[in-house]
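A, B, C and D are the chain letters, set down in written order, and residue numbers restart from 1 in every chain.
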Amino acid sequence: MSAAEKWVYDNSRPTALTVPGRVFRAVHHLVLVSGVGAMVLATHEPVAAAHATLLALAFNVALGFFAVEYVVRLYAAAASLSAEPTHPWTARWEWATSLNGLIDLAAVLPFVLAGLLAWNPATINLFAIVWVLKLFRYSPGSGMLQRVLRDARESLFSVFVAFIVVLLVAATLMHVFEGPGQPKLYGSIPAALWWGITTLTTTGYGDVVPVSPLGRLVAGMVMICGIAVFALWAGILANAFANEVRRREFLRNWDLITKVPFFRDLGAATIADIAQILKPQAVEKGRTIIRRGDPGDCMFFIVSGEVEVRLAPEPRRLGPGGFFGEIALITGEPRSATAVAAKETQLLVLDIADFRQLTARRPELANVVTEEGLRRMERVRQSRGGGQ
Amino acid sequence: MSAAEKWVYDNSRPTALTVPGRVFRAVHHLVLVSGVGAMVLATHEPVAAAHATLLALAFNVALGFFAVEYVVRLYAAAASLSAEPTHPWTARWEWATSLNGLIDLAAVLPFVLAGLLAWNPATINLFAIVWVLKLFRYSPGSGMLQRVLRDARESLFSVFVAFIVVLLVAATLMHVFEGPGQPKLYGSIPAALWWGITTLTTTGYGDVVPVSPLGRLVAGMVMICGIAVFALWAGILANAFANEVRRREFLRNWDLITKVPFFRDLGAATIADIAQILKPQAVEKGRTIIRRGDPGDCMFFIVSGEVEVRLAPEPRRLGPGGFFGEIALITGEPRSATAVAAKETQLLVLDIADFRQLTARRPELANVVTEEGLRRMERVRQSRGGGQ
Amino acid sequence: MSAAEKWVYDNSRPTALTVPGRVFRAVHHLVLVSGVGAMVLATHEPVAAAHATLLALAFNVALGFFAVEYVVRLYAAAASLSAEPTHPWTARWEWATSLNGLIDLAAVLPFVLAGLLAWNPATINLFAIVWVLKLFRYSPGSGMLQRVLRDARESLFSVFVAFIVVLLVAATLMHVFEGPGQPKLYGSIPAALWWGITTLTTTGYGDVVPVSPLGRLVAGMVMICGIAVFALWAGILANAFANEVRRREFLRNWDLITKVPFFRDLGAATIADIAQILKPQAVEKGRTIIRRGDPGDCMFFIVSGEVEVRLAPEPRRLGPGGFFGEIALITGEPRSATAVAAKETQLLVLDIADFRQLTARRPELANVVTEEGLRRMERVRQSRGGGQ
Amino acid sequence: MSAAEKWVYDNSRPTALTVPGRVFRAVHHLVLVSGVGAMVLATHEPVAAAHATLLALAFNVALGFFAVEYVVRLYAAAASLSAEPTHPWTARWEWATSLNGLIDLAAVLPFVLAGLLAWNPATINLFAIVWVLKLFRYSPGSGMLQRVLRDARESLFSVFVAFIVVLLVAATLMHVFEGPGQPKLYGSIPAALWWGITTLTTTGYGDVVPVSPLGRLVAGMVMICGIAVFALWAGILANAFANEVRRREFLRNWDLITKVPFFRDLGAATIADIAQILKPQAVEKGRTIIRRGDPGDCMFFIVSGEVEVRLAPEPRRLGPGGFFGEIALITGEPRSATAVAAKETQLLVLDIADFRQLTARRPELANVVTEEGLRRMERVRQSRGGGQ
């Protein structure tokens, strides 16, 4: 793989934190929104007539952008992570047949075909709706959503089967009960199915409504089944989400924790314990993390970067592995000093509730933090005594 | 900061328990409800005509009240919690630019501007709807709600992106399938979007309804997606709520527990354990806490205040750190004595289920409580024997 | 208190398991359903005309029954659980002013007043709807529901405040945006509130629908808020329910377990552990509990009653404290014998999943059960060997 | 029981993994879908007229298939699992009176009766809707759904009672408030009940809408109760689902784990611990399980079958009890080798998050896995050194 391929590949990843990566994403999203917006507005007669040129411009810019993007991504796919030496075109083919590759292709292909085959442009423009699918690549939790749906697919599917069975049985019953009275609306089962789905999902348009007592009884039961379907799906997903959130946070924290020397010395059991409760927080350079006098409800561990703690005689700098903010948790008083990020800094936040539980469970960790906290308080007190 | 500033600041906090604080809150809420009510009713012709003077009075009283409140709060903001000596106007500016300060300003400013610029009063009065936002400051769980939404924002946002994508795709499809048949309702994608949102949220007004088979198929799938969105959000929030509730109760209890001498002597591990299960309960002076003969399903620890236990020979008084109600849990019989709050009292309640689990897990705690319970039972038995 | 009072009191409790108690409940429910049914049907002209006498009879029988019930319950209230000697009329007054007493009074009083004051009987009969409230006394989980709502009331109320705020703001905005176009439907804020509540709850009757673009935008956002309200309430209640269910089952099991000699000898920690996983099951006399050859997915402990295990040479009887069904869990094979309840029997069921986890956690318990299981298997094998 | 009975019985079970079992299921589902589809389409005039013969064919094939299926299943029921020697017809009678047996009978009987009694065929064909109930036997999670509903039935029923009470009270109030103004829609309580159920379930057809201020107030409260019912059911079911999913996975894993020699040597406590976190995965022969260079987020244990790990000098084969994929978890680097299923293989997957927590909690297990991992890495390094 060439350096250019690698550079493009790294900067075009959805989570790239580099400047070119961020610029690319901003432009991409802007182009996407304006392109889809232009397509949507072009179907609205008054706007389309008044701003035809502008809409066409936005649309064609987006189309061109996505066409170039496809070619570039295909080219850079040769640099995709792979320890085995494969032919660049093998890697490119793999990307082209992946879900993301197919979406990117579908965002461009219809327009190419339309140009070649001279299709009706008004109709073909509607294919631009495919562009919104490109957003999924950038949605932070969409991977999580997929895992949740996959883990719970069996239960969700069972409820869906029950949904279909209720739908079919209800439509048949309504065909029998309401068909004679309203032959146009319930005269066939496919017609009654339309009533069924609007009722079972509790949408209730009101274009098809039962009028016979038996029909209304069935309708009432179908509505209650609708509530049950909602409730079952919500119950299933609530459970699956809880598990997935826990897993995700644990892994993210584990990666961060093992970078901090302070934690690496603790045993695996303690690290596994801590990784379940810390919350990561990224801070830009110059941002105030805690301010003197504020109430203190958490302490911080530094993963990377540098933090300046503004103490009385002279500020102190803490680097990776350092921690601060523990004094307020020990004394229960407001923050005794202001802390500012001296560089772009990655922190791990320990909430006060978790601090209390953790120190109860892991006395060895509590000792380290508390002793350092007491030492610092002592130093502050001395310097203040000396400064007055 | 002056004493006056401090007094006003302390009494105007939403959680102030002082008499002036309570009176202020009552008046504030009354004025708010009557002011908003007057504005709402003034838009209803018959009422507005019949009670014009009364409505104007209620409205203007509220407006005046909020104007004065704004000035007073701005003045008192100088006393806001801060250990660092800052200029009073720095603190005031901070409050004025905080969310609460801006809401309080928005509650008054439009009317001042309207007076200066001679705007139409009927229209300008509608701005009074901003007043209801002042309620959030007093809503007990709104801080919790904010934390929950913040913790789960990534997942919630992912579902929202999926919501928007489904909405756009569905509207485009309906524009294609239903547009030719119902050009007025589905003739443009923006028009079809209105159908989409009423369907995807399962609201189903019924003003725009598909009639073609393909359109109905898409509609059915959109409704099912609507259920899924409900269910996903419910699942995400259920999980985030469980975590936040646990955190909040733990912190509240920890603060209370560490005030009780009885608990302070226990190790940190036991306190952290107990703090997860006790429930706080505030009792007014003179209120009966337990009544002799009632079934007993909990015991009590006293944080502050005083409780009179009405035993046979003479009542006994228990102060902070004392506990009562344990006998019924040990014997399983009804309450053997009545207990009344002799002062305003703060209690911690230990439910019978938690009592059983806790004593199993923490024998040292169980011993203290059980021995005291047995001693008391013995004493009651003796005094009864002697009294007969 | 007299013996008659006590007898009536005990048999009229909603959970009485005696024969008179069961008969009373059956009659009560029958009378209630037929009385309410008669009232409901009497408002439907055709039925009322055709069966006037029958409906009047059912209605009046119910009214008479509830009048007698009120007097009897008042009389028997003197026997309500109380260790302190109080005057019978004090206890009766307490019952009369309790929620149940007031509902029972409200079920009768309107009709007495109507008779005295010669009110219009057709209207007064509608008061019979109060009778359905009597059902709450018998609803098994209604106490639980109350605890859940009480525990979560703060969070639920916060969401409700947000609901009201969104409702008021949305109605004001719609009054501004839609009022000029649809003065009849959105001409005043109270009128717009009707639209607001049907939309925010996603009911969507469709009698009031926005038509302006801005109005539809607001409507779309209101619908999404409606989903969020659903989701927040569901999330809050899911959490509160989980806690309450755990508490209830623990207490129910603790009461049963401590009656079993086998468990009483175990330490408190083991009992507290077991009480979280056993499930109670009441079996009528003569009912088969397990059948030879069925797959075995649980074992049983006997709390009270007697069970006959039909072994090959001669059946064996097990009394309180005995256990059976453990062999299938140990061997993984189908049930080796049939077990039938020889008397009305109360069992505690240990699911196979919990059996595996419990025996891993509590080896001392596992040993007792496993050794007895092996001994029994040996005995069965010998007897079979001898029988051939 | 005969061998033929046994063969039919084993292959007709819904979970049979044999080839005849799979073929039978595929044919069964195809026949079912085409039969029900034919019945549904036959009620739609245009299709029925155009394809009468085809529809009749599909319908009658399905009917014949189910008739034969009933007879065969009845015959094979003699082989149902039972250790006790019973008469074949006793077992057959048991099956015929079970739920599945009754559904299978109801799928055929109406048509037999219709033939004998010369009923109207158009009407009788609608009974084919019973056929969809046969799907429940094959729905993987339907047993789980049943357990969940059974476990939570008490709470669900309480909410349902509250639902009915609100419905009745609301209908009576609306009859009073709206009856005079809209006598046709609210003139009787049964009529008002129809409004009630469409509103309480938030379906909101809009065919019956309150117009009086009091009526709308009641309607608003009913809608809010509707949300609460949704939320309560969702909360109850979320909780019950979480418990049931945990139970099911534990049992499934326990069965698999105890087949693996590697795990059998660990203590019961470790097995119970592991059984809660492993996820089973079945892999077809020849399928790639992990690919060299992919990021590694889990390791695998082999329950049955064989896996080929493609290492540099020569591939190695791992059989039941072996594990692989642990190196990437230890080093945090991409997969160092590709692994392919050499036979149909049953795996247990250990997620990286669980791996970290498990190794912290169970050092003895961690040691075994880590030592083997290090040994393998050493070997790979040597072979690579030698190969170059």
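Methods note: a residue touches a chain if its C-beta (ideal position, glycine included) is under 8 Å from a C-beta of that chain, and two chains touch if they have at least 3 such contacts.
Everything numeric here is computed off the predicted structure, so don't read it as measured data.
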Let me spell it out: compute each chain's centre from its C-alpha atoms, then which one is farthest from subunit D's centre? B
Have a look at where subunit A meets subunit B and say same if over half of the interface residue numbers show up on both copies, different if under half do. different
How far is the middle of subunit B from the middle of subunit D, if each middle is the mean of its Cα atoms, in Å? 40
Taking each chain's centre as the mean position of its Cα atoms, how many Å separate subunit C from subunit D? 28
Can you pull out the residues of subunit D that are in contact with at least two other chains? 190, 202-206, 230-231, 234-236, 238-239, 242
Thinking of each chain as a vertex joined to the chains it touches, would you call that graph a line, ring, star, complete, or other? complete
Where on subunit C does subunit D make contact in their complex? 36, 39-41, 43-45, 123, 126, 129, 132-133, 135-136, 139-142, 144-145, 148, 163, 190, 194, 197-198, 201-207, 229-230, 233-234, 236-242, 245, 292-295, 334-336, 351-353, 356-357, 359-361, 363, 366
Please name which positions on subunit C make contact with subunit A in the complex. 202-206, 231, 234-235, 238
How about subunit A: which of its residues touch subunit D in the complex? 81-84, 154-155, 157-159, 161-162, 164-165, 168-169, 172, 175-176, 187-191, 193, 199, 202-206, 209, 213, 216, 219-220, 223-224, 226-228, 230-232, 234-236, 238-239, 242, 246-247, 250-251, 254, 267-273, 275
